[in-house]
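Going by the order they are written in, the chains are A, B, C and D; count residues from 1 in each one.
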Amino acid sequence: MSEYMQTYQVKRVLTHNEGLKSFRFDRVIEAAPGQFVLVWLPGADEKPFALSGVFDHEIEITVKAVGPFTKQFMNVKAGDWVGLRGPFGNGFQPIEGMVLVGGGIGNAPLRYLAQCLREEKLLFRWVIGVKTAEDLAFRDELASMPEVTIVSEDSSIGKKGRAVDVLAAMNDHEPIIVLAASGPEPMLLAVHGFANTFSPDIPVQLSFERYMKCAVGICGQCCLDGTGLRVCVEGPVLSGHQLQGVTEWGRPHRGPSGRRPTQKQAVHHD
Amino acid sequence: MINRLHVDLAGIELASPLVLASGVMGLSASSLERVAELGAGAVTAKSCGLEERKGHPCPAILPFGFGLLNAVGLANPGVDEMVAELRAFRLLSDVPVIASIFGKTVEEFPEVAARIAEARPAMIEVNVSCPNVAGEFGQPFSSDPALVGEITRLVRARVSDIPISIKLSLQCLSLAQIAKACADNGADAITAINSVGPGMIIDPNVRRPVLANRMGGLSGPAILPLAVRAVWEIAAAVSLPIIGTGGVETAEDVVQMVLAGATAVGVGTAVYTRGLEVFSTINSDLHVFMQERGITSLSDLKGAAHV
Amino acid sequence: MINRLHVDLAGIELASPLVLASGVMGLSASSLERVAELGAGAVTAKSCGLEERKGHPCPAILPFGFGLLNAVGLANPGVDEMVAELRAFRLLSDVPVIASIFGKTVEEFPEVAARIAEARPAMIEVNVSCPNVAGEFGQPFSSDPALVGEITRLVRARVSDIPISIKLSLQCLSLAQIAKACADNGADAITAINSVGPGMIIDPNVRRPVLANRMGGLSGPAILPLAVRAVWEIAAAVSLPIIGTGGVETAEDVVQMVLAGATAVGVGTAVYTRGLEVFSTINSDLHVFMQERGITSLSDLKGAAHV
Amino acid sequence: MSEYMQTYQVKRVLTHNEGLKSFRFDRVIEAAPGQFVLVWLPGADEKPFALSGVFDHEIEITVKAVGPFTKQFMNVKAGDWVGLRGPFGNGFQPIEGMVLVGGGIGNAPLRYLAQCLREEKLLFRWVIGVKTAEDLAFRDELASMPEVTIVSEDSSIGKKGRAVDVLAAMNDHEPIIVLAASGPEPMLLAVHGFANTFSPDIPVQLSFERYMKCAVGICGQCCLDGTGLRVCVEGPVLSGHQLQGVTEWGRPHRGPSGRRPTQKQAVHHD
């Protein structure tokens, strides 16, 4: 794969639930966990999705239905042609002693990161936070993984709570060497805040999302206020160091016009 | 040390001839400042119109091996938001910033120009390459000398104290004629060229155009010879300074543009093909090129290929 | 075995959609025959005019990384010499041969057409992309719908028994309008597009344009998206068969052209970028592409991307 | 170097005589002997010239003044900028026991061929034919080469005669394994004829000239009648096998318009 558009037939679809599915394509690529692809649904739109797994002859993305595009994606069947480009951006760096923190669909790239960590025989732990059990993809696979702790906001699976809440206890049990997080921005900032309570800080690798149009660093759509860093090129995974100077954390994201909506206008999913 | 790269563009002092082209990293003060820090002599903001527009769905920007196809459909945050970003930029940086504007009708141009002028940009670029919805064949304003002249005149009348550059496209019958219309109606400079075509890529499996808008303008290295010729023709027709734009990736490309008649040189797609370091790389290679040949000012090369 | 690659081009049966484009390997019976043997479905001879012309000095054909720039300046051996070569070709080969003609004035076109008709080519291609010396800005005939219509009408009136195709260039305000002028005046087909631009390359050391003619038309892979868009626009405007030409190098490129609306597909610069084996390579790749998808005739794909 | 135009400064000029000079450029290229470059004199024209030598850091062409372009070339001085593209075409294949036969300026590529043969330690002989001693380039260098036999039509240097005349005697003395010839077309055909008197034929490698415009096989200017072979791509050095079927040997060459002049119109140099 490359930045040029190529179309592939969907090889298979894994249905986690009605609004949460994984799609596999016959495609071999070199990609770091956390890197993303642009996925084109002909006639609809093209949007960024992280790789949730890379296998011998297949790659996989996991899509959660949140709006028009992702809802339409739920109708995609094996055999359908879909455009794929990428991988784009900078991903996570697997490190021994890493703790993965995922919120909701943000766990998709962490699944690929966990795959890499295991392949490289690096010890890690993974805290998965979901609103409710329904939001959990790959449930059977995860059940068999001793590294995984699942928490849910409604206690429908695992303990009740948010992913960040369990970090302090985990660190007491065994010091966290690095934090790798992916999920809603408030969660990322909470993880960052947690890491900063230590001295020295716990290094963080946080995967951000911004509206994207080009993914090749040219349209400026995904640039972060304060530094001009491009989430599509320098990100989506940014380090604590790169976060310094960014002034827009937690504010509503610029939309397709480039305008940043006021807090009121912004529609939040997740 | 003398700065061999210094140029005077319609009275604006640039420390380097390289101008970030409109539409590239140009939506926010922060992204513009990042490019300014990396060595651009001036930065151009994304073209804005009267109102916010979401533009076309994606794919809207498509690499194709020799550059990009783009059809962002005039996506822009609207002139008021842009005024705020430009003001913020001017607090952050001393590098000259060029605002870029478009109108959906002839009358909108002076309106947007007057509003963007509130941000006191170093220059206002008037992007006439957008389609003229009123026209018979949907051609861009830039294809009609009368319309380009009229837009120039109206903008000039509303904005007297900020230099204006008219941004032209190849899609016309005679660039010389269009350039004269700009000069005759008070333009201070010409930016040439906008993206070329449009072009179309069709996916053989899906059997439909890949761009959501079906077609989009070509940019990048493939269009360099077209842009150099355009600059040549404009320079032969009028004496206005030209921001030569299209496909520039290297110091030699910059020299070609200047030899053809450009005063400054736009860099857009090279941010994708070469990365953001393209500005510092070109600056230092250009310095070496000039030093080796004992050239102390780019103005000595300007138009020198007109033999 | 069915020949999936067979096409009917304005009544001419081609064993492959690939047509050797005019100006490439097209001066002699022997070179045309070599290309025919290598797999072209039809071959087009070099454009000829009334009289022999030496054309510009060299460099006249210049590789530039994404294709070629060419400015051969209507170099041609004259129509009488070309009649002899075409006759010789027809003795050597059954592959349909397309003659190509140009005129320096509107009136020359039917004159040259009538003379080349003596060689009984399968089709006459009328190259209207040459500059109209009588015009105000030296634009090509092809930029003016009235002139294109007039040339078509005059040629049609003189040559009634051989199909004629009008070869268009991008240099106009509306291809749809030009294509309609062809259709309304009796053309049997349209060939699109001729080389693009022109463009210019300047040598930074010598400080002058490299082409002896300063500027020349772009061809090759960089122009494929422009050519696909042109074919799309023409196909949307008229129902004439189109020889889609410009930048085609692979079977997928051919499929793009056909999906955009082409009946046959011209191949020129790929002879340089891919070698003469490009014809057989595309033929076999195209066969596989169609076979894998169960497509038995290219006509099933024709224009299918107009969604 | 490549097919793209690049300009170089002439490093030095070797004047053999007023109308015969060699030019060296600071340039490293990989080229087979017999391959040629296109040389652009800005403001004038661009024409093909064989490489007459390739050295550690330099390449060399040798130009004979015959018409407007080559006469203007005699004014080129060290330091002048000249455009060079190439190398183009197929050259000679150095083989043990090769006999080189050159006529006039046709000896230029043979000098590079001889250089290659010596470097590869392959035995060879070289017959140089000139009209008159004036036409001989590299005279001192050649004087020191035992492999070389020089003949001239006016006996101003070496024996009187033409290069082809001495081939029979050379073959009697020691059988010729391969013939490599470069020079006027009548000479090439005479060499070919000589090679064909043997059974089996002596293999030949003959370097032809045709009017050229593109050198990349596209304009068709240099195509040979009978086969359509392109002198710029398949040639300029052609084998006896490739010569079969060509119907235009010895006829006047097509000019810049593509028209082949009648025998009368044709102007012959050399």
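Here is the rule we go by: a contact is a pair of C-beta atoms (placed from the backbone, for glycine too) under 8 Å apart; a residue touches a chain by one contact, two chains touch by 3 or more.
Values in this document were obtained by computation on a predicted structure and should not be read as measured data.
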How many links in the shortest chain of touching chains run from subunit B to subunit C?
1
Taking each chain's mean CA coordinate, subunit A and subunit B are separated, in whole Å, by 36
If you average the CA atoms of subunit A and of subunit C, how many Å lie between those two points?
50
Can you check how far apart subunit A and subunit D are, centre to centre, with Cα atoms defining each centre and the answer in Å?
66
Junction residues of subunit C, two or more chains touched
64-65, 201, 208, 307
Residues of subunit D engaged with two or more neighbouring chains:
43
Based on the touch definition given at the start, go ahead and assign the chain network to line, ring, star, complete or other.
line
Chain pairs that touch, as defined at the top of this document:
A-B, B-C, C-D
Report the residues of subunit B in contact with subunit A in the complex, numbered from low to high.
23-35, 46, 52-55, 57-65, 68, 72, 75-78, 81, 201, 203, 205-206, 208, 210, 212, 268-269, 271-272, 275-276
Where on subunit D does subunit C make contact in their complex?
3-5, 7, 38, 40, 42-47, 81, 83, 213-214, 216-221, 223-230, 247, 254-260
Provide the residue numbers of subunit B that touch subunit C in the complex, in ascending order.
64-67, 69, 137, 139, 143, 171-174, 176-177, 196-202, 204, 207-209, 214-215, 218, 221-226, 228-229, 232, 252, 255-256, 259-260, 289, 301, 304-305, 307
